[in-house]
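Going in written order, the chains are labelled A, B, C and D, and every chain counts its residues from 1.
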Amino acid sequence: SIAQENLKGLTIGFSQIGSESGWRAAETSVTKQQAEERGIDLKFADAQQKQENQIKAIRGFIAQGVDAIVVAPVVATGWDDVLTEAKEAEIPVLLLDRGVDAPEDLYLTSVASDQVLEGRTAGDWLVKEVGDADCKIVELQGTVGSTPAINRKQGFEEAIAGHANLTIARSQTGDFTRAKGKEVMEGFIKAENGGADICAVYAHNDDMAVGAIQAIKDAGLKPGTDIKVVSIDGVPDIFAAMVAGEANATVELTPTWPVPPSTRSRHFSPMAPNPQSSSSPSPSSTRLPTIPRANTTPARA
Amino acid sequence: MADTHYVLEARGIMKIFGNHVALDNIDFGLKAGEVHALLGENGAGKSTLIKILTGAYQPDGGGIYVDGAQVSLDNPLHAQTFGIGTVYQEVNLLPNRSVAENLFLGHQPLRFGFVNFRKMEADARVILKNYDLNIDPSSELGSHSVAVQQIVAIARAVQLSGKVLILDEPTASLDRNEVERLFEVVLGLKARGLAIIFITHFLDQVFAISDRVTVLRNGKLIETRALDALSRTDVVRLMLGKDIAFSGATDVEPSEAPNEVLLEFKGYGRKRSVLPFDLTIHKGEVVGVAGLLGSGRTEVARIMFGADPADQGTVRVNGQPTAIRKATDAIKHGFGFCPEDRKAEGILGDLSVRENIVIALQGKLGWFKALNRDEQMEIAGRFGESMDIRAASLDMPVKLLSGGNQQKVILSRWLATDPAFLILDEPTRGIDVGAHAEIVRTINRLRDEGMAMLVISSELDEVVAYSSRIVVMRDREMVAELRGKNINPGVIVQAIANNPDEAVA
Amino acid sequence: MKRSLRPLAATAVIFLIAYAASVLQFPSMLSTRVLGNFLTDNAFLGIAAVGMTFVIISGGIDLSVGAVIGFTGVLVAVLISWLGFHPLLAFVIVLGVAALFGAAMGAAIHYLQVPSFIVTLAGMFLARGGASVITQDSVPINHEFYGALSDLMIRLPGGGRLSFIGLLMIAIFLGGALLAHRTRFGSYVYALGGNPVSALLMGVPVARTTVQIYMLSSVLAALSGIVFSLYTSAGYPLAAVGVELDAISAVVIGGTLLTGGYGFVLGTFVGVMLLGLVQTYIIFDGTLSSWWTKIVIGILLFLFIVLQRIIFAASAPGEEKPEKALV
Amino acid sequence: MKRLHLERLANPQLLALAAVLLINWILFPNFFRITWQDGRLFGSAIDVLNRGAPVAILAIGMTGVIATKGVDLSVGAIMAVCGAVAATMVVAGYPTPIAVIAALGVGVVCGLWNGFLVAVLDIQPIIATLVLMVAGRGIAQLITEGYIVTFNDPTLIFIGTGSLLGFPMAAVIALVLMILVTLVVKRTAIGLFIQAIGVNRSAASLAGINSRMLLMLVYGLSGFCAAIAGILVAADIRGADANNSGLWLELDAILAVVIGGTSLLGGKFSIPLAVVGAIIIQAMNTGILVSGFRPEFNLIVKAGMIILILMLQSPLVGSAIGFFRRDDKRVVSK
């Protein structure tokens, strides 16, 4: 609904968490591309997974006097001071991917996915998939202490809570990486009777799932059949695995950016600093569409 | 208790390294107001005894008594609190810190809890003056020559000694003047009632200031005696268990027959280091270098070897002009170099004696013609034998050898490469009488076999003993060349002192 | 100039040149706001780097710094938010815990004669693991004293802020410099780094000094953790991951030799500022992708050390021992 | 003969390995169960060898560097670069051998760059290699543009996941490399020279050792080893993960070398023991995986294990071991 010309020539600072995964890289490139389409001068800062770097970046943006700041916060806490500084400098701040524990008047809006819901979606899918059968699940967690790992674990546990036939037998961190996912899965297979006892693997991201699939194959089992594989993100490699019947489901998260592409008019625009938005009921819980891919792609070959 | 009062006493000291008995039931007593010489061959156990007396090592048996009361010295700091000041054999100071701080470490004058640098440096200047050392107390210790560092170590120990001063080979690499200076200080302390332990391999010095001697051999106590009842020969016999033929300073027979020229340095020099000099060295000739401390002798050696490359002048080897920019260039031409600073530039401390001996030869052979273990053993064993290196094993780390034996290892390293031209900077530093005579003999033999050598030594008798020619250095400049039959220490001293513009320090 | 001060001067000159160059390109970098940010944003790194300077001068290394920052942040947050302690009491407790922790590491290094690299690596695992056992989530701190402390600042003309934590860092640097260069303890630290055997023979209390050095480093890391928690008003087990490497780089860029024995506390300050400058420059530039950011940081790092060597070589025309490489 | 055998076994590295394996066995009784499956050995103990291989390979190169009193922080980043090079090249259709050779070449070039900074520009190793540690990962991501470059090249996959005589390729490669490098170092004078410059570079130079060439060689070898490890890791997951490949592995490699008894102060070194060190670390990691601890305890467990190893290696315990050993030192002179 906002004219694209309005954005032309504006300078917007974007503090990205880092480039730790393909998903993140995709988000960054979508962002840059969208900014270019709109004639926005995007100041990009990669924080390399460190909150202190993000704070520095925001401060730097304020010192440069940008027109708006977009942050994909690495962690929920610790933003009050720097956001207050931005507010004093009258620069609107938008949160991407994840909300923060700060008073709502410190930022314009938050366009965040609900990570707990992501975990719950994966759990719900598995509950439906196994029905009444007993199912021993192994979980590949993200980096210990990282917000997505905590939330995706929580959501998944909530989903299977009422179902006694589903139990999480083992849970270890695979650091969100393919290599660690593979290594941890190898260990799980050895520990669970050569893999025969495992019914499903739940990975906090697709990369770990791809690694786990390889480990399952190396152990002489059929991923997707002998051991079900469900994960979150929706990167190309997991879709390839699903087509090959080696993965069962993923919760798709499409990288996006709060500046409204024509197709996503639901989102808030940074250039509509609606004075009411700060007091409007819940702008911060605006959710990205999470599509339980399993429903749309019956992946069994 | 014994009827004599000992300020510091050791009773029945045992020290065992691995399965090597370094000290075997040693009794040692030190009286107030005496200079007590501790003598013995290289590796006899002198330094080990000192380290036990000062808490650097713990004895494996026996006890230490200060003023008759048994003490257990946990560390050198503890010994310092009893008023024991020590100069250990290898200069054990901090090259990374200033001269003043090395003098006062642990006792810096404080003001409001902070170190008072102005006072510390002023005090340091006063102290150094006692030793005729006119250096900037705030300069880094490592920027000074070994000799200067040794004086600083002595000054520090003297400062710390309220009761006992221990000097482990303090005079190695000091020149005559410095030695005399040191003796004045020592005698002054003695007069004040301090007890002094003095270790040296120079018998003249022993006789010059000592009252009693204790002789160790192979870790065993041989005897403690008053010195006035002993002659030089007696002392040597006690140390070695046999007599040796003294090669006096007389048999210099410079072969006047002009041999082939090996090296020709023309206008060779390095800025801020040594003024350009001309020097021709023939095969089968030993050129001695004499000069005072800091006169630039070491610098000449380093420039010749390319350790600090020359920035002016030319050099011809066998008539061919060539460039020597780094040590490997020099070695290619058959040079060898025993540096003065054994610890920093000589030994490879953690490597074995065997590896230390073969390293230069191996460097010459290159990466791929490796000497295997047996060959290394053979070479090392050969030199171990001929140089009489006292080591429990050729595979032990060289840093565990006694100081004199380390020196022999480095000499062996270069002899193993069969050099055409060997540069020796203070080669007899810390070497015992027996070995000293042996090294002088070796130098003479090598010369007769046609090797050219440049030898730097502060010991003039020794320089005279093997040199065919002597160049004299003063203030970083080659000022004289002495040759002929009538060279003797007196002539050299005169040449050194023959200073046209007196009075600088 | 004193020979030993040359690396310090070289680093400072490079910082000034680099800063001037940045200002030419982005004039807004010459503002009190940016200068204030330099101090505030790098306060925790600077404080930790002071401790690291002592450790490195003594010839050791402390890999546990980042983890100790994370751990103390979590502990402070938990003490205040969950257990209702007053922040000051919480500070005393965490500093005490850190002192014990550092003392234990120092004792292990001295008495077990294990390299500091391994001991502090174990310390790093222990502290980081301890933090994530206490809580995996980040714990917000909402205490008025805390708010007041983190709002404490001097406003400068031009929108700049001299924050409490920035000033604290400067104070720690000055104190550290005094401690290193003007006290007996400082001279012992240099002695250990110069030659531990000589130090022992010269009567340096080696055991005590080693324990004190690692205690100092851990206490400063804990202080840095407190500063970090003030900075973010939270404690988070994954906070300050890898800060030890930043601290080591700052120390080494500041002219301290990793082999021990040579270095300056104030050099570390310049090192920290230089690292901060690189980051700020990249943020101001804002066109670099994630990967170009890393490459450019690497290139700038390289340019700095080469420049430093050139300046150093130019100012020291005499002989230079190869052992004593500067950077 | 028997005594010699006992003496070998009493070395602290093997003791530590035994201790870690024992703990693993107690926590997970099936740890040593090995079965034959699809033409290969299968079991946790085999996983230790397989997963430990990259760090072991890094440790081989790192040993040389540390023996010269240096350290190479860039190996993790070099792994990422080389994995990225190999992956993008096979994806672009180059023949596998070319891609592998190119990746190895890139590794060597990276190593020589480090060597140049250390040997010629005289920059402290830690900071010299930090340059590439930071920039290298950026270069790797530049090559892959931030994505995991997935490939299906059978040869490359065989290198990563195949097996030889039932043993995982990675372990076989590590073993062969270890033997080759050890032989080269022992049979030539290179090993002696490396130790010499590590112990005292100025003395070694004065003894005629070309320390620059040697340092270049050592860092080059480290880069080469990192390249192999990078290719293996990429081949294992069939994709080059520029951001995560080799992340923090430099610390593991250094730890392995130090556990292997090589001092960070340079000098004496042992490549086989560094490899044992790598296996100890991996045995620890695998033990954590199969024992079922909660992941938040991983680091604490790891710290505990390191403390244990550290105690085993400390001179206090060492002297207790030494008590059982005999020194058969030859006495040279009378």
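By our rule, a residue touches a chain if its C-beta (ideal position, glycine included) is under 8 Å from a C-beta of that chain, and two chains touch if they have at least 3 such contacts.
All values derive from a computational prediction rather than experimental measurement.
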*Graph distance between subunit A and subunit B, where chains that touch are linked*: 2
*asked:* Using C-alpha centres only, name the chain that sits farthest from subunit D.
replied: B
*For subunit C and subunit D, what's the span in angstrom between their mean Cα positions?*
30
*Find the geometric centre of each of subunit A and subunit C from their Cα atoms only, then give the gap between the two centres in Å, rounded to an integer.*
33
_Using Cα averages as centroids, what's the distance between subunit A and subunit D in whole Å?_
34
*What is the distance, in whole Å, between the centres of subunit B and subunit C, each centre taken as the mean of its C-alpha atoms?*
43
*If you look at subunit D, which of its residues touch at least two other chains?*
141, 146, 202, 205, 296, 298
_Where in subunit A do residues touch two or more of the other chains?_
18-19, 25, 28, 144-145
*Where does subunit C touch two or more other chains at once, residue-wise?*
132, 136, 289-291, 293-294
*For this structure, give each pair of chains that are touching.*
A-C, A-D, B-C, B-D, C-D
*In the complex formed with subunit C, which residues of subunit A make contact?*
13, 16, 18-19, 25, 28, 42-46, 48-53, 55-57, 59-65, 75-81, 89, 101, 143-147, 150
*asked:* Considering only the defined contacts, which subunit B positions touch subunit D in the complex?
replied: 18-20, 305, 307, 326-328, 331, 337, 339, 344-351, 355, 359-360, 362-371, 381, 384-385, 388-396, 413
_Can you tell me which positions in subunit C touch subunit A when the two form their complex?_
26, 28-29, 31, 33-34, 37, 40-41, 44-45, 131-132, 136-140, 150-151, 159, 228, 231-234, 236-242, 276, 279-280, 282-284, 286-291, 293-294
*Residues on subunit C engaged by subunit B in the complex (per definition of touch)*: 2-4, 178, 182-184, 186-188, 190-191, 193-195, 197-206, 261-262, 317-319
*Inside the complex, what are the residues of subunit A that reach subunit D?*
18-22, 24-26, 28-29, 141, 144-145, 170-173, 175-180, 182-184, 186-188, 190-191, 194, 207, 210-211, 214, 218-220, 237, 240
